[in-house]
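As structure tokens, here come the structures.
Both complexes shown next keep subunit A, but they swap its partner, so subunit B is in the first and subunit C is in the second.
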Partner chain A sequence: MMRSTILAATLLAATAMATAAKADPDNFTEVQRGRYLATAGDCMGCHIGPDGKSLAGGNLLETPFGKISVPNITPDNETGIGHWSAQDFYEAMHEGKRPGGTHLYPAFPYTAFTKMPRADTDAIYAYLRAQEGVTNRVDRDTLPFPFNIRLLMAGWNWLNFTPGAFRPDPQKSAAYNRGAYLVEGPAHCGLCHTPRNFMGGDKDGEHLQGGALQGWFAPSITANKRLGIGAWSEAEIVDYLRSGHTERGAASGPMGEVVAYSTSRMTGEDLRAIATYLRERGAAGAAAPQPVAAGDARMQAGAAIYEDSCAACHTRDGSGVAGMFPRLADNQLVQQPDPAGILHVVLQGSQSVPTPQAVTAPAMPSLRWRLTDQQVADVATFIRNSWGNAAAAVTTDQVKAMREATAGIAMPQRH
Partner chain B sequence: MPLTTRRRLLAATALVAFSSQAVARSVTGRLPWSPNEAYPPDVVRPGGWLFLRPEEAATLDAIVSRLIPADDLSPSGKDLGCTVFIDRQLAGPWGTYEWLYMQPPFAEKPLPTQGIQSPLVPQQQYRKGLAALTAHCRDAFGGKTFEQLSAEEQDTLLQGMEKGEVHLPGLTAPQLTTTMFFAQVLDNTIEGFFADPIYGGNKDMAGWKMIGFPGTRYDFRDVIANPGKPYTKPPVSIMGRPEWNGKPA
Partner chain C sequence: MSRLPKKDVVIVGLGWTGSIMAHELAMAGLDVVAIERGPWRDTAADYNIGTAPDELRYAVRQDIFLRPAQDTQTARNSPDQMALPIRKYGSYLPGNGVGGAGVHWNGHTWRFFPSDFRLRSHYVERYGAGIIPEDCTVQDWPVSYDELEPHYDFFEKVNGTSGKAGNLKGAIQPGGNPFEGWRSDEYPTRPLSPNLAQTMFQKAATDLGMHPFPLPSGNISEAYTNPYGVRLAPCTYCGFCEWFGCANYSKASPLTCVMPALVRQPNFEARTLCEVTRVNTTPDGKMATGVTYVDADGREWEQPADLVLLCAYALFNVRLLMVSKIGAQYDPASNTGTLGRNYAYQTNAGSVGYFSKDTNFNSFAGAGSLGMMADDYNGDNFDHTGLSFIGGANINCTTTNARPIRTHPTQPGAPKWGSAWKRSMVDTVNHYQSVGTQGSSMAYRDCYLDLDPTYTDRLGRPLMRMTFDFKENDLKMSRHVVDKTAEIVRAMGAEKVTTSYKKGPWSVVPYQTTHNTGGAVMSSTPRDGVVNRYTQHWDVPNLFVAGACLFPQNAGYNPTGTVGALTYWALEAIKNHYLKNPGEALVQA
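Showing the complex of A and B:
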């Protein structure tokens, strides 16, 4: 009796010590593994706080259903997730549920994070716990009716969500499986690169074939040669993810942020694994349309505009200047079915992402002031249908909508 | 006196150095760039006069059309918009020499290197010069205005002004001599003939077409390696060219 009591007490103490060791922020290896996974998951991309360095949240994500505010995930007890257990965190990542069972919105990509095993979510949890708590209260109810009813997500999940950890394909290489895990799990590439159905769920059967977001179009990343990465070498994909730049062009817009916060900080081995997976998982996408004929009035006007407004950098034959001005001939971005990317860049200008490997970050100036909607449509149609490119003609309505969507930042006053 | 000057100069230099530091900034991380950033030019819209009075514009139309007559090489200075160009320049910051140091002393017999030495700003020079020309014509040609003279009479008169043989009434050194006035009008007419069409002159880029100037193009890598062959591409203005902007530049 006495002995069993002592034994029980000892066991209890041992358990308590083990728990304490696990929660100890000095658990360096676990925290570092979690930091890396949090980087691969680009938590910072959405959860960046007002201080520009913590994960204190507060951003408003634009979605077709309204604005979703991004929560504070620092371990602050009042305004962050300080009171969450590792189990709570796992359930959020795996099932999209908060402690207490209310639903998260799938702007938080639990549809991808569900692929992560418990060991990986625990590592991220340990990393998050090791950060300093930042007090930043975020209003979590910014969506309009009826989307503010979180219970609706139960039905959404039933239609659009299959929980379950990643299962490697034993027929494939370790690199392929690692890449598949990263792409489909923590890196959640499909959140942007897969088109959405009317509910905002993944369109079945069009996985990674390109999707619209925030006035941009995340291009196809299937192995399709015309629209995806099928023509890219492994080295080009790795360079793009690591430095944001290849001889073809550069990352800007939302992908520039992904490169800055996430892929540029991933290991070469993981980037090669991603390239292996994307290149081997197969091609998909519509066949090339008939290009708009060179004799078409829009093409002729577009050719003249191109020569006077674009060719000085991108060159008359669309070959660009390697490492500086993107190549437009055989360029996947400009041939996407949705021309949002090219229109965004022409109207608003764009700066590529600076990384330690490519510090220059060349930028394109805005041509909003110089070209009318018709002229932008014509030159975009010309670029999308020249030098072997083929894509649908751009309409003035598309340009008008993009001009309004990108007008947000006022032109500076003249000096 | 030299000491005072030097001290003043040093003080002025220090002031410039000090105040220009206020606008200096250091760039780290990434090169400055902002979405939608642009500094579009103010494009001259034809129609109406902003500075010239109608009778002044009529006289100036006649002058620029003798300096650049319509011929095989180009349309006339008037038809090319030289008067519009001068009017808009006079109405802008140049018209009052907004950016020039305009305090005396002004040299009475300036060296060529001393440049303009008149206390009059261009608006005053044109107003005074054109009035003097009108007065001269009224007295010398029986009440006619300059534009009512024959082309030969106009040429002779302009040549006399250029050579200093004709003295328009009231134009004297150091403020404004007849030759100074003529030189000013000639310079501005040439500027209107060759400046980008956005400034009101050089209509249809005719000045550029005459001399084969390519306009605002600046990448010639694909045509530069053709020595001896003519350059055939059309010129382009800051606002484009008729092939795509739908209106004569």
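Showing the complex of A and C:
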């Protein structure tokens, strides 16, 4: 009698647990798979909460249309997605719609996530459900008129978005197809690395050829040798994504966050798959322009500034120090048509991302206070056109615009 | 006072020894907290290349050093004097903040000679007991060079030390120091590139029969990744090294070599701007229970821990033991007690050569450890018969900097001001070079540390009192070696040479060196020191002490290499022996 009472009590407790439990112990593998996909999708990059560890949202994303606040995707009933079903989650991922049919903004990359099969979104859903709910109410209406009218997104979707599925290329290797799925689906690389049209949609025919964002320029990641990753070996791409550092340079800025939260935590097999896809999917991009002549006055002024302010770390011949100070010779980032990356780093400074494989995270100081717009333009022009590099000269207007865009906190932050 | 949850390990001070202890013990799985009285520091944020080379801020205003208002010492030359507080640090400059003095050091990374570790026995055996001066309290170390060798080696690998081996497993190597103790391995990175002065010194010293070799340097010559996965970049010879944090990730320091790996460990925590005020013990005084500290807001906290590691600067470890009433205070009159005994320093002097105008040294391109050395008159590398002193000094030709504010050399006899002074400075600035000596400092019965009877710090604790002077033995030693520097400078082709001998009394005003040693000496019996050969306190087995306060006397070298080796030596004992029998003495008294 006593025994059966205990048994009954245990059963009752187990039932109660099952109802309250965030993760069914039986779906451990599903939750783990979801955790990995959420990592590959870098959910944390945008949805990181004020506590620095949950997905409770609250960040304001800068977009050309205004600031978009990032929602709370913890399973909190009041302020998160506690009431969402797996079907609701799938529709958000696949079609960019919230439960009830209101439209999400494509800052949430459903344009890429639409390629994810239901099984994968269900796994992420299971993972999200297994997390602690965090109460964090996020103001969802931060965009200015008219962009605050979510119904407009129906028209946007009609012009810029087709719900779809990932279709593997049977002519290609399994690694290529896995890489293609990751790059075009969960990892949504194109959100930054593809240029935007005036509506913020992908520019037709320029997929992964580099795009401007938040005062940076996400470089081309096509197989173009001058502008993209065409000259990178598979090992270099894997190293970069895993450790944030290679002999060529280091991840910083928004890509530093991607490495920290996402790629450094992915499997070597998946990173190799990404490298395979990027290296094999083809090159695109403009041919190299004629470099600015070394005798040009801007180049000569730039050379002197380089010698004074840059050469100690990046070395006179632009070769840098492997794993520490980026190599500027044959550097893709500095030769992008849009010089935002180099200007951002010179004006605001930057710090590479520390990872378990490369714990040292060297910093580039902000030179904003000691270089004029003309000097920044000249040194950038010099770097973009020396040691075999070739790219358009930088104008003082471009420097001025970047100075304004990056005004505020200089990196690294303490002096 | 609030009592905090207990930790496995509490570490006082987060410099070289504290960061190494913290990293190794956290890797061993222990829950570690380090308490540091200075601020948090990080290369990227605090030693940004855009702002780091600031002579006014760092060298003149001493930005990263401890302020006397926070803690200072009283000083005197002999026990019959009244000690007065040091109100502006001068003779030595204690570090402050994460990285400690390891941030601002020059990077000279030495191993002491095998004979240094059995100093008294060595001299008595070779020259007879009469060579040891009266009241000289030098003693053998309780650990041998052979025991420390693997730990020297590992510390150098953590640092990425640049140098050239002179003795690889007993085989003398050309280009290295033939007098050094045997090394199990070559230096991790090649020596720095010598400049004109070092090349001239090398030739002159060789011509005089000496054996010059490049200074083992914590300024790294080439890109390097250390065993903790931390990366260093090549030195740029910027000349902003000693008294500065390195912005180029080129100087081995706790910030560049340990902290990037340490901060990733989830079982490590640092509390900065928190000053430990005492080590707490059980009522019978036989075990440490943790520490008490005061935070930046003046709140007092008790941090209990199973293991307490004193990793502050030498002087502050000794004082912490004194104010915590752990161990018996040394008294020179009765010659009783051990705490504060055998305080020693360093005996430095040298010569300056003035060269012709076509000899351009370009000393602005320098590095803290850019130097050529000769050890022919260091340790017992030369016959002391008839010299009536013990010890020796290294001879160094270094180029650390020619920073604009404080570099104003003039010809001997030039006026001290006015246009003639300026002209002389212009005539001299690129054409002079010094050759120095860094000499041993022996221990004496009346050179010691204790608590001052009069002066207290901001928290009401007595200041520590330093009683020290240069003694005849060390002055004679220094004079002997300084004479050699004059010969070398002449052989280098100097047109004029000035020689300055070390003179007493010791003064707290001019900068001399931050190599304060002893006071919590390691010893083979409790009679002669504060801690045993594993740096474990003789009376309190869960209390370990690190740093140069362990040295029974100081050698003719910078202390950091030996401090690092002793730290890994202690760690080996803690990890492999102590933690298996916590609370047990590793050496029976």
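For the reader, a short list of remarks on this structure follows.
Just so we're on the same page, the second predicted complex is superposed on the first by the 384 of 415 C-alpha atoms of A that agree within 3 Å, B and C clash if a C-alpha of one lies under 4 Å from a C-alpha of the other, contacts with A are read in each partner's own complex, and residues count from 1 in each chain.
Everything that follows uses one rule, which is that a residue touches a chain if its C-beta (ideal position, glycine included) is under 8 Å from a C-beta of that chain, and two chains touch if they have at least 3 such contacts.
Source: prediction; values computed, not measured.
The superposed arrangement places subunit B and subunit C in clashing positions on subunit A. Look at A:M324: by the touch rule set out above, it reaches subunit C but stays clear of subunit B.
Of the two partner chains placed by the overlay, only subunit C lies in contact with A:P356; subunit B stays clear of it. Once chain A of one complex is fitted onto chain A of the other, the partner contacts of A:S366 extend to both subunit B and subunit C. By the touch criterion stated above, A:Q348 is placed in contact with subunit B alone, subunit C being left untouched.
Contacts of A:A312 after superposition on the shared chain: both subunit B and subunit C are touched.
Once chain A of one complex is fitted onto chain A of the other, the partner contacts of A:A304 are limited to subunit B, with no touch recorded for subunit C. Residue by residue along subunit A, subunit B and subunit C are tallied for touches, and B comes out ahead. Residue overlap on subunit A between its contacts with subunit B in one complex and with subunit C in the other: 312-313, 349, 351, 354, 360-361, 363, 365-366, 369-370, 412, 414-415.
For subunit A in complex with subunit C, the touching residues are 312-313, 321-325, 349, 351, 354, 356-363, 365-367, 369-370, 412-415.
Interface residues of subunit B, counted against subunit A in their complex, comprise 29-31, 33-40, 216-219, 221-222, 236, 239-241, 243-245. Within the complex formed with subunit B, the subunit A residues making contact are 301-302, 304-305, 308-309, 311-313, 315-317, 347-351, 354, 360-361, 363, 365-366, 368-370, 375, 378, 406-412, 414-415. Interface residues of subunit C facing subunit A in the complex, by the touch rule stated above, are 42-46, 48-51, 223, 225, 228-234, 236, 238, 247-249, 256, 260-261, 264.
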